Amino acid sequence: MSRVRITVWNEYLHEIENELVRAVYPDGIHAEVASALEEHLDAEVRTATLRQPQHGLTPEVLDDTDVLFWWGHKAHAEVADDVVERVHAAVLSGMGLVVLHSGHVSKVFKRVLGTSGWLRWREADEKERLWNLQPSHPILEGVPDHFELEQEEMYGERFDVPEPDELLMLSWFQGGEVFRSLCTWRRGHGRVVYFRPGHEAYPTYRHPHVRRILANAAAYAARRVSVDVRKPIQVAALEPVPNAGKEHIG
Amino acid sequence: MSRVRITVWNEYLHEIENELVRAVYPDGIHAEVASALEEHLDAEVRTATLRQPQHGLTPEVLDDTDVLFWWGHKAHAEVADDVVERVHAAVLSGMGLVVLHSGHVSKVFKRVLGTSGWLRWREADEKERLWNLQPSHPILEGVPDHFELEQEEMYGERFDVPEPDELLMLSWFQGGEVFRSLCTWRRGHGRVVYFRPGHEAYPTYRHPHVRRILANAAAYAARRVSVDVRKPIQVAALEPVPNAGKEHIG
Amino acid sequence: MSRVRITVWNEYLHEIENELVRAVYPDGIHAEVASALEEHLDAEVRTATLRQPQHGLTPEVLDDTDVLFWWGHKAHAEVADDVVERVHAAVLSGMGLVVLHSGHVSKVFKRVLGTSGWLRWREADEKERLWNLQPSHPILEGVPDHFELEQEEMYGERFDVPEPDELLMLSWFQGGEVFRSLCTWRRGHGRVVYFRPGHEAYPTYRHPHVRRILANAAAYAARRVSVDVRKPIQVAALEPVPNAGKEHIG
Amino acid sequence: MSRVRITVWNEYLHEIENELVRAVYPDGIHAEVASALEEHLDAEVRTATLRQPQHGLTPEVLDDTDVLFWWGHKAHAEVADDVVERVHAAVLSGMGLVVLHSGHVSKVFKRVLGTSGWLRWREADEKERLWNLQPSHPILEGVPDHFELEQEEMYGERFDVPEPDELLMLSWFQGGEVFRSLCTWRRGHGRVVYFRPGHEAYPTYRHPHVRRILANAAAYAARRVSVDVRKPIQVAALEPVPNAGKEHIG
């Protein structure tokens, strides 16, 4: 495969508006995610943020993207519907999409999955332990049978998503909940990955196993084809059909 | 289970505008589908059509519906977005949805599945043979291992849908194509069924096996719960968490 | 549906050999499970145990069984291979199978699933909390969004099973693990359910939510058809094939 | 990934006993399959056949195999049970398995899937057309949206297998049947692929698209980990559990 072309999209508001978050991610969450991808992959990584024109996601950018990462939280409603539509069309045509943490209720994720993305949550600086269900899956290459994040926001079931095509990790939380934390779905010709951890107030994206999963997910979800699925295809019969070719009366 | 409350929605344009279609379904496709449901089920069946105010799908109607049937073809674009949104929310809360034939590119089906619904097609009065993959599934109760429709429109793969939760029938077409003709997916608390046959120009909905499948699908998809999935749920910890209750810094 | 015919199979050794277990289940685990089924269902429940001739699972018993429950632990190796084969054939033909707790490494479960059934485990009288992923599923009718068992044996991931057709509950354990605790798979014409709780030393099968799940699982998995899948079916062509009927040269 | 180590197993009886088959595959089906793999992959390919000691599948051979191909037809019963057991264990530990054509009722395939593998069939030199459902899947890289085999044996639904994890191709047959012709399942840490075409009397394995699929399947299913799943894992608690460590009373 040639070099993977990745775009990391970040809302980029917490880091500007809140000094505690800025202390954790001084260059923004997108910069930290990008550095994880560059650490592990031969990739061409660019970033895009909400306040840029068209949120940085012009048709040209998406045409040049094999996999798009998505981190958003407090401004989901500000993402323009036509950009959401464009991202959705790109996924159906083959672009990969990796949705992170609070992107679970982003417009993009909800449009792609067809569900609400809702869940239980709590912010309590609590421990999360992630369990590896499929060590042979490419997204979990190099990841141990479990690992811990000392401080994370809690997301608990029921997570309102379609049954995942692949369920790869489950989380245990100190406060008593569980969660399907690493899941994949196919939509059109594109692969969609959801990965739970990544609250803005904790240095989760500097954790080595988290970084490895981000990179593995990018490689796994990267575009393999580029097909416009939205065109109707009227076709002639391949075998003899007595009435083929007659007018449509409907 | 108490009486199933069913609403059969039909675009109801072909039957009015085209006398050949009207000859097949003089009271509309919705009336024929409703009669199949009443033949097999203890159900309360109402109908709704595009030209009614709010397309006949007011909040009151949906609140009173356990399963909604959907037949549309030439006027998908005329279905109002707020009605689509309302139907989608009803499905997530537990209402069943049975999408028929050319509903494969309806706004409702695309919103619920997250894909384009596209496929190959041809109108050629050709033979379709449907093969039963799961005779033990409740939707196929009373349906033989295969049956034929002498005249149907052809729909061929690749059908752009997410991997079905259950794949129940496959179609063989005289002209050389195949199709996943009876599929189910869960979205939120609702069950979604797609059933392929039903071109407006043929008497497909009078075929006994087709009628049985319509009724079985209604019983299978009927609402079992009624839960608004779109409310965030912030929760206290169930187990001791030292920092639980502290302020959110994000 | 007519009355469900259920056979509850139990190894029935712990209760005889160990007085602590006997104090919990004086009439055997099978009697307690049977009472839960009779409490909730219009069912004809019989029991069978390891030490009976053919383990109580003669061809006549299986022919007369719509769903078989299976509890075994320390004597999996003593179950005769021909009985395993007979149970497997019955499942493929349409009989339901509900495997409980330590049945995860029974010969029957491994034969039906094709995997080892292995997992992590610990006996520590620890708390288990079960989370409900699909409140609209018939097996979870009447079951709240979560419930707790104060004392249980721990089973933790990775559970070596095929991807479930339906994943219905996840467990959280006090000691830090998680588990896929309620799963279904289809094999042939039969439905298979695995439900995790039920260590012999705790009164788990007297818990009201556990009892409800046992009964719901029986109703869900009960036989709907009776088809011998193991017969090859050589068929004539349904459409013209120029060479059909010629001799097989292979 | 380093060089893929492949073993192609063939019953190798038809080619010896029947001159018409020998005319098609003078060096055996295994040699033709091996040549397809070598044409497309950087692989180390060996072959093994029924009449060799241990059918050529010693523990050493399996330990040195990343993916095993399986072609068998008339002598399934002659495959020794301990070899079947060994192959099964190898799959669970991470070895890939690609089952071809009449291997659908081989002991190995039935053991791995847990179903009978039965189907309808007919030998009539008829046309098969394979439809590509997932052009973005690695097994279908380079394969067009459909292709034809002018002469093949017919296999028709219902195919008695568990719901595939991935359904990749469907076949249309001239005589009126359909079939799920390219499927994948995961078992333990191994990936299993079934690919339908390949009757011994036709030159199917010389068809360029078939050869490409064989090679893609080998790359996809190749071992990624090597883990013995059959060992119980008793573990200490990761979090405080008051009673952890006490004796097991069961």
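Read from first to last, the chains carry the letters A, B, C and D; within each, the first residue is number 1.
Please note the rule applied: a contact is a pair of C-beta atoms (placed from the backbone, for glycine too) under 8 Å apart; a residue touches a chain by one contact, two chains touch by 3 or more.
The model shown is predicted, which means the values in this text are computed figures rather than measured ones.
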*Using C-alpha centroids, which chain lies at the maximum separation from subunit D?*
B
*For copies subunit C and subunit D, work out whether under half or over half of the interface numbers are shared, and give different or same accordingly.*
same
*asked:* Between A-C and B-C, which chain pair shares more contacting C-beta pairs?
replied: A-C
*Express in whole angstrom the distance between the two chain centres, defined as the mean CA positions of subunit A and subunit C.*
36
*asked:* How many angstrom lie between the centres of subunit C and subunit D, each centre taken as the mean Cα position?
replied: 29
*Centre distance in Å when subunit B and subunit C are each reduced to the mean of their C-alpha atoms*: 32
_Residues of subunit B whose C-beta touches two or more other chains_ = 129, 134-135, 156, 163, 165, 174, 176-177, 186, 238-239
_Using the touch definition from the top, list the residues of subunit B that touch subunit C in their complex._
94, 129, 134-138, 141, 165, 174, 186, 189-191, 224-225, 227, 238-239
_For a test of understanding, state which residues of subunit B touch subunit A in their complex under the given definition._
14, 18, 20-21, 73-74, 88, 92, 105, 111-116, 118-126, 153-154, 156, 160, 162-163, 165, 174-177, 185-188, 199-201, 229-246, 248-250
*Of all residues in subunit C, which touch subunit A in the complex?*
129, 131-135, 145, 156-158, 163, 166-167, 170-173, 176-178, 180
